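Please find the structures below.
Presented sequentially are two complexes of subunit A, the first with subunit B as partner and the second with subunit C.
Up next, the complex of A and B:
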């Protein structure tokens, strides 16, 4: 196979207030014609910066310091800016992470495709519309004629990503760079988009670079994988080989941390960090019982039924998983349970009393406020940017337990130790903490008052897999140590299975299936559960489980 | 299970260290703060340090050009212009600071209510603000002072009223985008009532952009007060005030006595300039994300 792109000793650095930071430190790789190359790494590994450097769209302060990047004879490092403009879109094009941010919100999607076509002289004023519609049809958008006039906000996330693909592919580029193309999309949408992109690449004989943090996804769609860490390539090879026999300790850690069938939550951690497994005690006394819960909003076009009469039970010490895709009502349900929102009807029996009767507005003053707490989805968003970690953790203790002075300081340090947050970090602001550390602060705050029931709203969705592994283990340990009951809200079956005894699957505001976790996963009764399970990326099995 | 941090944890800086850091990082801010300190100094100590009584007339010494005895010259009744310019700092600064503080407080409260609860208070407030903003603001201020009477308090009220919509709008938008933020919801779970969440968690996060608005507004308020005095509404002569001094001095420019109008005008310009430069620095100081 002939080489299409060859990168040699590429180094990129950024000029910052604290001096020069090396983002990429001398990496070399090649992309052959027709090959799909996966670049896998966690945040800060330099994988996105590499792709920006190839397209020469580095942020201000970023420069290519050394190395060569050659795309079929063109020197990408030294090409003039106007030559690069021709190359971008026509020769090399890119799909960005957040489809909504990548589309112009005030432009019709059809016009945005026309723009690219006309810029590269692929269409004239007269046939642009027809070509744009053809491009929409190519990415399998139903009723392309009508969608031509849609604005991005009128389309779902998956639909927007298809539009972005259509724009990227409109001029028949020969190399497609996809930077985390499915982050933030539902798991079934992720499969649909990835299948589509792969089919289009194969059909048109293009090459592609898929940048992702998800080793499972890369393994499924790529011919070859590069594993990056701190700006260098630590390992490369074909997916099966990397999965079954990772050579570098870091790729081994990544492989370990990727949740998949047949693993336990402890085996996500590197062997030397696996602690003793603690067994949680589950009683058959219910701590929370939900009866016929409904929530109806007044929408613009009639009432919206977000939750349509669901009932379930959580026993003391149990961990129940609530699984579903965006819009299924799982977030609404958790908001109602944690008493931030009022239900339209239905009962929430907590400890023998119906807490749905206490309006959400006055629940802050209720004696049971401390018993029901929540760990929020986005650790960054859920920490007040003006408060240090110490202030954040102290908030519930000061407000609800009226703790002050030395007692408060002792308790905060106790909690920090419990969640594994180094004590010096307590006086840092959220922006000075890493994602995993922020997650720990959020968990410390939630368990500060020894709650009986904790709602975990995708607590690891924004985290790297290795950090996710650590946080999941922390949650498992805390549950056993403190006798907590969890409601674990997630879209990812693999993660739910690791933590939960019982699973509830929701779709369109209704429970489609519930039962013991292993049973639901091995023998799903509903088509929807089946579809969810089928859509999850299936990393190759390891041959030798160490 | 512990993540080993790459570097030793940097010592968390105190507020004072942080202010020093911001000043060092940006020389323009340093200059602005220096000029601001000078203004404050002349407002506080000016009246007791100036060489002449700002109100003492001396007909024999009228309309003297700047010299070593009278740095900024003397005016048509022989008063020392330098003393008057310095003494006027206190009055002009007081008017603008009081007016801005008033509009900051009222605007913040109204904006918080509208942004947090939405609904009809939001609609009513917005229409009310639109009504205020529909008037030419200076003309509105003139009307208020003319109707209420020619006193310093009324200048303050008028300036506060015309500035208030900008604060209310800004706070409303800043509060609105944070109303459902994770940290606001987490604060409710920690037992905070709506009002506490709003006042202690959401509003402080609106401070950085507010600081820029405050400092730009201070300059604007000085200009506004001087403008009102210039056209004869507000502070009445013989009180030393930059606006009046420019107005009185303007009559003598044609006859060549430029120093009567130029020096108070220059001081007015310096004050406005200082506050405009101050904005960025103030924002950096109140923004925790600038701390490293």
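Up next, the complex of A and C:
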């Protein structure tokens, strides 16, 4: 196979106020014709910066410091800017994460495709519309004619990503760089988008670089994988080989931390960090029972039934997984259960009393407020940026337990130890903490008042896999130590399988299936559960190293 | 058609929403002027008046009737376009306003156009070249613009261009006495003179306008330039700019079609605010340049408790603000397709 792109000793650095920061430190790799190369790494590994450097679209202050990058004989580092503009979009193009933000919000999607076509002289004013519609059809958008006039905000996330693909592929580039193309998309949408991208690449004989933090996804779609850490490539090779026999300790850690079938939550951690597994005590006494819960919003075009009469039960000490795609009503349900929102009808029996009768507005003054707490999805957005970790954790203790002074300080440190947050970090602000540390602060705040029931709303969705592994283990330990019951809201079946005893699958506001976790996973009864399971990336099985 | 109908509905709804605002404005302007200190009857009866003649004036002015009845009389007159008689100028308030409001508007609008023409490109350039001399220039202009009061810049400009250099005409009103006022069509001298084809007068009016308009423009330039720079910086760092760059679009397309159009929203908001500031700042500029505008008229009326004139002024200004806000909101709908769907 001939080389299409070859990168040699590429180094990229950024000028910042605190001096020069090296983002990429001398990496070399090649992309062959027709090959799909995966670059896997966690945040800050330099994987996205590498791709921006190849396209020469680094943010202000970023420069290629050393090395060579050659694309079919063209020196990408030294090419004139106007030659680069011809290369971008026509030879090499990119698709991005967060597709909705990647599109101009006030411009019709059809016009955005036309801009690219006309810039690269692939269309004239007269046939641009027809060609843009053809580009939309190429990415399998139904009713392309009508979608041409749509604005990004009128389309779903998956649809927006297809538009971004259409823009990227409109001028038949030879190399497609996909930078986390499915982050933030639902699992079935992820599969649809990835399958589409793979098929288009194969059909047109293109090469591709897939940049992702998800080793499982990369393994499924790539011919070869590079693992990056701190700006260097630590390992490269065939996906199956990396999965079954990782050579570098970091890739081993990544492989371990990737949730998949046949693992336990402890085996996500590196072997030396695996503590003794604690067994939670599950009683058959229900702590929470939901009966016929409904929620109807007044929408613009009539009422929107977000939750349509669901019933389920959570026993003391149990961890119940609530799985579904965006819009299925899982967030509405958790918000109602945590009493931040009122249900339209239905009962929530908590500890023998119907708490749905207490309006959400006055639940803060209810004595049971302390018993039901929540860990939020985005660890960064759910912390007050002007409060230190200590202030954040003290908030519920001050307000609800009226704790003050020395007693408060002791309790905060006790909680920090419990969630594994180093004590010196307590006086830091959120922006001075890492993602994992912020997640710990959020958990400490939620368990500060010794709640009985905790709602975990995708607590690890925004975290790197190795941090996710640590946080999941922390949650498992806390459950056993404190005798908590969890409702674990997630879209990731693999994670749910690791943590939960019981699974509820929701779709369009209804429960389509519920049952013991293993049973639902291995023998799903509904087509929808089946589709969800099938869409989850399936990393190769690990060779058993005993 | 289906796609455009929610936007059309949002537009109509927005227009309908200004009706209650106008009603509220009428009520408040009525009440405010009644709350002014001083008894107009005493004032207008004259110095030598005794109790009986004051009472007579009061009855003549309708001030003896209950407030509610006065209000309905006022509204009735208003509907016929009668804003009452100005007791100090002796003419009807409507005629006074019709003569003076265009003068103020002509000044404010030319100042605003001047400010936009300078500030928007300056802000865009500063945002695309942060840290260069354009950026520093932008910062200096913005700081100077907000820190120099209009009466000061006005006098300074007169001192330099009229007194020292002698290239500006004397700062006395809208037109030098050697010219005849153009026929009243819009009340904007520049437009009226152009309509008549009288370019001599047009030049004369423009000459008179330059200094006060520059004074006011210097004041309004600062917030526009600052907001343009900030909005452009935000727009330029958005994800869709990266997409556009990765697709190989030219810098010009990226800058104008992608970044600038998105940056327009906050700029338009600022324009609305700046326009209202400028109407307020007018009073001082009008005084300095002896401009026969609505601001100086209102101050004079206020001093002598000429409540019909004050009422007329408050009403005219309030209606102007309502209209302005309506225009800004409609501009929003034109720029941003998301409006009309997200907002109720």
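The rule is simple: the second predicted complex is superposed on the first by the 544 of 546 C-alpha atoms of A that agree within 3 Å, B and C clash if a C-alpha of one lies under 4 Å from a C-alpha of the other, contacts with A are read in each partner's own complex, and residues count from 1 in each chain.
One rule holds for everything that comes next: a contact is a pair of C-beta atoms (placed from the backbone, for glycine too) under 8 Å apart; a residue touches a chain by one contact, two chains touch by 3 or more.
What you are looking at is a predicted structure, and each value in this text was computed from that prediction instead of being measured.
Student: Check the residue A:420 against both partner chains and state whether it touches subunit B (first), subunit C (second), both, or neither.
Tutor: first
Student: Identify the partner contact of A:468: answer first if only subunit B is touched, second if only subunit C is, both if each is, neither if none is.
Tutor: Neither subunit B nor subunit C is touched by A:468.
Student: Taking the superposition as given, does A:212 touch the first partner, subunit B, the second, subunit C, both, or neither?
Tutor: Neither partner.
Student: Under the stated touch criterion, name the partner, subunit B or subunit C, that contacts more residues in subunit A.
Tutor: The partner with more contacted residues on subunit A is B.
Student: With both complexes superposed on chain A, which partner does A:333 reach: first (subunit B), second (subunit C), both or neither?
Tutor: Neither: A:333 stays clear of subunit B and subunit C.
Student: Does subunit B (first) or subunit C (second) touch A:431, or do both, or does neither?
Tutor: A:431 sits against subunit B, while subunit C stays out of touch.
Student: Identify the partner contact of A:104: answer first if only subunit B is touched, second if only subunit C is, both if each is, neither if none is.
Tutor: After superposition on chain A, A:104 lies in contact with subunit C alone.
Student: Quick one: is A:377 in contact with subunit B, with subunit C, with both, or with neither? Answer first, second, both or neither.
Tutor: first
Student: Examine A:385 and indicate which partner it touches, taking first as subunit B and second as subunit C; both and neither are also allowed.
Tutor: After superposition on chain A, A:385 lies in contact with subunit B alone.
Student: Give the list of subunit C residues in touch with subunit A in this complex.
Tutor: Touch list, subunit C to subunit A: 3, 130, 237-240, 242-250, 253, 257-258, 261-262, 335-338, 341-342.
Student: Considering the complex alone, what residue numbers of subunit B touch subunit A?
Tutor: It comes out as residues 1-3, 5, 9-10, 12, 25, 181-183, 185-194, 201, 204-205, 288-289, 291-292.
Student: So in the complex, which bits of subunit A are touching subunit C?
Tutor: My answer: residues 55, 57, 59-60, 84-90, 93-94, 96, 98, 101-107, 115-116, 119-120, 149, 151, 153-154, 164, 167-168.
Student: If you look only at subunit A, which of its residues touch subunit B in the complex?
Tutor: It is residues 17-18, 269, 273, 275, 338, 340, 361, 364-365, 369-370, 373-374, 376-378, 381-388, 395-396, 399-400, 420, 422, 424-425, 427-429, 431-432, 434, 436-437, 442, 445-446, 467, 470, 473-474 of subunit A that touch subunit B.
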